[in-house]
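There are two complexes below, and they share chain A, which is joined by chain B in the first and by chain C in the second.
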Partner chain A sequence: MVMGMSTTFNVLDHVMVPDHQIMSEEEVAVLLSTYTITQDQLPKMYHDDPAVKSIGANMGDVVKITRKSQTAGKAESYRLVVKRPKK
Partner chain B sequence: MEEWMEKQIFEADLPDKTKIDLTNYLFGKNVSEEQFNQIFKQVAREYEYTRIEPAEAVGVIAAQSIGEPGTQMTMRTFHYAGVAEINVTLGLPRLIEIMDARKTPSTPTMTIYLTTEYATSRDRAREVSWQIEAAPLHEFGDIITDMVEMQVVVQLNREVCDRRKISVGDVMEKAPKKIRDRHHYRDFEAEEEEKTATLTFYPKNRESYQNLFQLAEFVRNVIVQGIDDIERVVVRKEEGEYILYTEGSNLKDVFEVAGVDTIRTRTNNIAEISEVLGIEAGRNAIIDEALSTLREQGISVDVRHIMLVSDMMCMEGEVKQIGRHGIAGEKESVLSRAAFEVTVNHLLDAAVANEVDILQGVTENVIVGQPIQLGTGDVKLIAKPINQE
Partner chain C sequence: MTSPKRVGKIEFGLLSPKEIRKMSIRKIIWADTYDDDGFPYPQGLMDLGLGVIDPGLRCKTCDQKASDCPGHFGHIELAKPVIHVGYTRLIRKLLRVTCRSCSRMLLSPSDIDKILGPDDLRSENISEKDIKKERVCPHCGEQQLKINFEKPTTFSEIMTDVNGRKIDHKLTPADIRARLEKIPDDDLLLLGINPKVARPEWTILTVLPVPPVTMRPSIILENGQRSEDDLTHKLVDIIRINQRFKENQDAGAPQLIIEDLWELLQYHLTTYLDNEVAGCPPARHRSGRPLKTLSQRLKGKDGRFRGSLSGKRVNFSSRTVISPDPNLSIGEVGVPLAIANEMSVPVRVTPFNLEEIRFMVLTGPDRKLLSEPCGANYAIRPDNRRVRLSDQNTETVAEMIEPGWTVDRQLRNGDIVLFNRQPSLHRMSIMSHRIVLMEGKTFRLNPAICPPYNADFDGDEMNLHVPQTEEARAEAYILASVQENILSPRFGGPIIGGIHDHISGIFLLTHELRWFTKSEMISLLRFTHLTHLPPADRVDENGMQYWSNKQVFSMILPDGLNMFFRASSCVNCDTCLKEDCERDAYIRIIDGKLLSGTIDKKAIGAFDGTILQRIIRQYGLARGVQFIDDVTKLSIRAIMLDGFSFGIDDEDLTRTEYGQIEEVLESASQDVNRRIKIYQDGQLEPMPGRTLEETLEMQIMQVLGKARDRTGEIAGRHLGLSNSAVVMAVSGARGSMLNLTQMAGCLGQQSVRGERIVRGYDERTLPHFKKGDRGAEAHGFIKNSYKSGLNPTEFFFHAIGGREGLVDTAVRTSQSGYLQRRMINALQDLKVAYDGTVRTTGGRIIQFKYGEDNTDPSKSCFGEPVDVKGIVENILKEEV
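Take a look at the complex of A and B:
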């Protein structure tokens, strides 16, 4: 739940926010080996992102995002949770 | 169609949409095993054709596919975008605004949906709009600048307050507080008179007319009801429900207003969306906004180009602009950055920092005159040793 918001409001319910799921370590290992990449090559999202807070993910977690795609119908994407850099 | 066919389609390595389309098409049709196999093979092959080849320069294709139609867009279009009397920037200026990831668009606007109980009646929709539209104090009564007594007297109109569902006490309490907090103006005292609904302001300096008039100006314009950023709200009926359109945007505060549907309500301020709803919503917002801007101009650009741009902009967890303060300015390669804008600065900084360019990108290799690593240029000869102990 985002601070300061009314208790009934959850960002994940909004039409513009796709489904976010925290991936288990095994799932992450499979993902990285299928694409032969390292974890830091994944797209990122900040630890204070409202959706990250809402699902309770921590820094270092990989989040699986299931988007509604205009071309494929449904598309999966992945993001690594990182700390927001200081300006 | 038999069950095993459905299962085979379901398990195939095809996009969801293709699977659903194929299943729907074959549903209830009588196809033999041989026919099915042929259809299935053909669909799989067609899908394979639509996929982009490895080492294809998708970025360049996207840039050209958006750039070319962009040249045909009208330069300065400021017009009423069909919905209500609300002015929205469209055309090329809007597209530039989206790609530049501006913090606030030049014409921020919101589309506020209401929960069922409020969306069905105009009066109830208006009630919500009073809570949202910024209303200055002078709309709630008469303001008199008394130059003899050196005071500003506000005579509140109870009828107006009742109609706008705000108590006289609330207005009287809010006005002086807001002047102090919002305008950082503190050189005055306020006196409330609940019975006669009058609110009197005295400037601290009772000698200066200038101070009195300055105070009167603050009193007139202090926002006592609604959300400060939202200058105007228009109620419209669309597809059987009342929707609010606004001039000005503040997603966070609007979400806290009772009666607002927090599931569908949206704004055209992309930075605000990514802040309140997260980076993934920001990505969707860029796609939606860019696509609707292009569509409004009668230009059709394939979504995939816009999706690529949007993905690049949202890669690092926040919305980054395309230009030199964003994607182009943060490239790994010195030569690539220098080739874009502010060449000398980049080369100088790189020299000072002893940067190394590993020449892996396109621009760098064009500069030094080597084959670029794209298409056939990306293919290297790989020998797989056989019969080796």
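Take a look at the complex of A and C:
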């Protein structure tokens, strides 16, 4: 939940926000072996991303994002939660 | 091959004075370079220990020859510390975040903890923004002062004197250095500086490295005089001033003189490092040319990075002006004989081609006629020695040739080459063509392939590259040939197709119904691939055969094509009359026969080309090429049938129309005045969210816009399809009805940033108008047309409006060019791996599926993966 000025709003309820799910350790292991990659070769997302906060993911978690796609029907992608570097 | 290594980290640091002295082999103290005998002064800027550039001499330091000696650094001891311009922002930051007395960071330990955040998300750095300005030091209680920085290298503190006045107290580089020296290592770590490799005081130079002569070689001019490198010139200045500074210092010169010299030394060092810093006049050569100093060597397009390191240059390339040749196929390029004779392809000699190649060698390097077979320029022996062929040695070399040799054969018809026009913004900017040898000195290309290259013939030049191996030729042909690139990956439609006269021509040919005799038919289809005429549509009582214009077009369509769509000339009537459309804009193609409708931009144009797109999807790329070749040749013949031109009198209207236009403009003018009156009387009702003035302006713009459109309609009623400009606008070949309105009707409102012109003099745009005049003419409405001519005030407003367009274009191209460069740098090494993922060279995944759907956009139908409507229509043979 993100604290707004006077109301709270779960970003995941918005139509434009795709589905985010935290993956279990087993699922991550399968994912990494399918693509033969190490964890740091995954795309990243920041720990303070509103969607990350909303599903309660922590740094080091892998989040599965499922988007609706006009051409593919459903498009899945996976992101590793990392700390936002301070500018 | 060694296994790839991963770069763990890259560390950037500063050279400390200690390191500079350590790497120096000589202290440089003399500003002069050579003595009267031309011998370098020891401890001068050209000291023999700094490296050798003259061949034959040996280096005094490493005893190697000029080709092996890497050069060696020297150093200059500066009389007083001087700021390095490259680090002024860092210095400013450090001065602002540290105490002026104890030099510690202006934060208490608890503040630091708060800023860094909780342990698990602890960040490593503190930024300048985290520290509030003008406060008391938490460590020693000293009141902090504001630090002022003036470009390029002046720092000062703002002090308040006893009278409460603010005074600027200048900080000398020595003062600053003293402060920076005292900053504790722990504080630096928090500020993102590793004190082990970069102590901040090292940004204030006390000793200057003198680069080896190998990176600033002197050149000897034709008259035997030596000309020194720009860097050497600058170093001479530095040493000279430094020397004078030292002498004055030792003699105890007054403070004022010392300060002047100090500033002069700072200037020379600043320009030595960067001769383009803001607020600092660039140092110039005697000739007035600004010197190219250190940062100019690295920066910019011709700098070390973009120019020397990532810059690439190639052999086997040529460049010349382009000109059009509609008789070429789109996959061909015309090459002048002079170029084809100079460029070559290596051919290995085998038992099978021995005789053929022997003949080429015999022919030699001078091909004088297009009809002659190609010769050869070089023969390469099995030991890789090259033999240049000339008239004298062709016979002897031809005798010697045997398998194992290679011969550089000249270009001949049908060779595959890569053809390119800059800027190369997308992959269609380089395509492979087959060459056709031609007279003249220009490259020739079919105007239908101008769109992907964005070429025109107002003096454009293009490049041509000749692939040298079988693999390169195969790759060029299979991946980069013109036919592979008809469909753009940008939108899944054809990017190659008819332009300009191709569209006007095919429009004139196919519009409504016309009949052609046999000789006209043959003239029209003369250059298409067809060999036989179909049976005539109509035979008159005398036995004369007639073919319809729709049949002519049908002949170049593949059999079995079924399509239904609306042309560019369709005006989207509320209820479409379909084949009875009075504009003949409803296209019906059944079984490869055009039954109704006019072919125009929508059907065959580049970027639209609905028919072309369907032919490629249904019959393949080769048939697509054939169709483009046919349709362009047919339309050019068609436009020549009647001729097509435009003159000044094509903009003429009759007295009736001029009267009507006058009326419309007059009533619009009155309407505007009426609204102004309402506004002045305070009767105007403001629109929601707008002020009264804004409401009035919008109303006026609307009234005048409508008036302009009305004049266009009046003009359009008179100018029918007999007018070339109307044909071009309606068919989509070039221009629009707006252009026509402006030529024949009225130019309309000139605007700056979407608003009427308001700037100029006090309360008026020009002194020709009354102050406070809000009328149409006073704010840039042009009643005249291009034909009738503009009056002086109108002309001036038109220039104002026109300039905005020019500025916008200039700004847009530079911005989009930079964006493009950044995009290419970010994306250049990404590739689609065999498992469909998009990855970087390091194996990092960018997309799990290419485009998230694994679809090649150039194989899509204008973005849709499947063209459902087209498939159904093709089977049902009726519109759905």
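Please note the rule applied: the second predicted complex is superposed on the first by the 83 of 87 C-alpha atoms of A that agree within 3 Å, B and C clash if a C-alpha of one lies under 4 Å from a C-alpha of the other, contacts with A are read in each partner's own complex, and residues count from 1 in each chain.
Convention: a residue touches a chain if its C-beta (ideal position, glycine included) is under 8 Å from a C-beta of that chain, and two chains touch if they have at least 3 such contacts.
Computed from a predicted model, the values in this text were never measured in an experiment.
A.B. asks: Where does A:32 make contact in the superposed view: on chain B (first), on chain C (second), on both, or on neither?
C.D. replies: Touch partners of A:32: none, neither chain B nor chain C.
A.B. asks: Does the superposition put A:14 against chain B (first), chain C (second), both, or neither?
C.D. replies: Touch status of A:14: first partner only.
A.B. asks: Answer with first, second, both or neither: which of chain B and chain C does A:76 touch in the superposed model?
C.D. replies: A:76: touches chain C, not chain B.
A.B. asks: Touch check for A:41: first (chain B), second (chain C), both, or neither?
C.D. replies: A:41 sits against chain C, while chain B stays out of touch.
A.B. asks: Could you look at A:23 and tell me whether it touches chain B, chain C, both or neither (first, second, both, neither)?
C.D. replies: neither
A.B. asks: Of the partners chain B and chain C, which touch A:55 in the superposed model: first, second, both, neither?
C.D. replies: A:55: touches no partner chain.
A.B. asks: Classify the contacts of A:67 with the two partner chains as first (chain B alone), second (chain C alone), both, or neither.
C.D. replies: Both partners, chain B and chain C.
A.B. asks: Do chain B and chain C touch any of the same residues on chain A, and if so, which?
C.D. replies: Comparing the two interfaces on chain A, one with chain B and one with chain C, the shared residues are 43, 67, 69, 71-72, 75.
A.B. asks: Flag every residue of chain C that touches chain A in the complex, lowest number first.
C.D. replies: Listed in rising order, the residues of chain C that touch chain A are 120-121, 123-125, 127, 835, 837, 842-849, 852-855, 860, 864-865.
A.B. asks: Flag every residue of chain A that touches chain C in the complex, lowest number first.
C.D. replies: Against chain C, chain A makes touches at 35, 37, 40-43, 47, 59, 67, 69, 71-72, 75-78, 83, 86-87.
A.B. asks: Hey, which residues of chain B end up touching chain A in the complex?
C.D. replies: 15-20, 252, 255-256, 262-264, 266, 273, 275-281, 284-285, 287-288, 303-304, 307, 311, 314-318
A.B. asks: For the complex, give me every residue of chain A touching chain B.
C.D. replies: It comes out as residues 2, 4-6, 8-9, 11, 13-18, 20, 43-46, 49-52, 65, 67, 69-75, 79, 82, 84.
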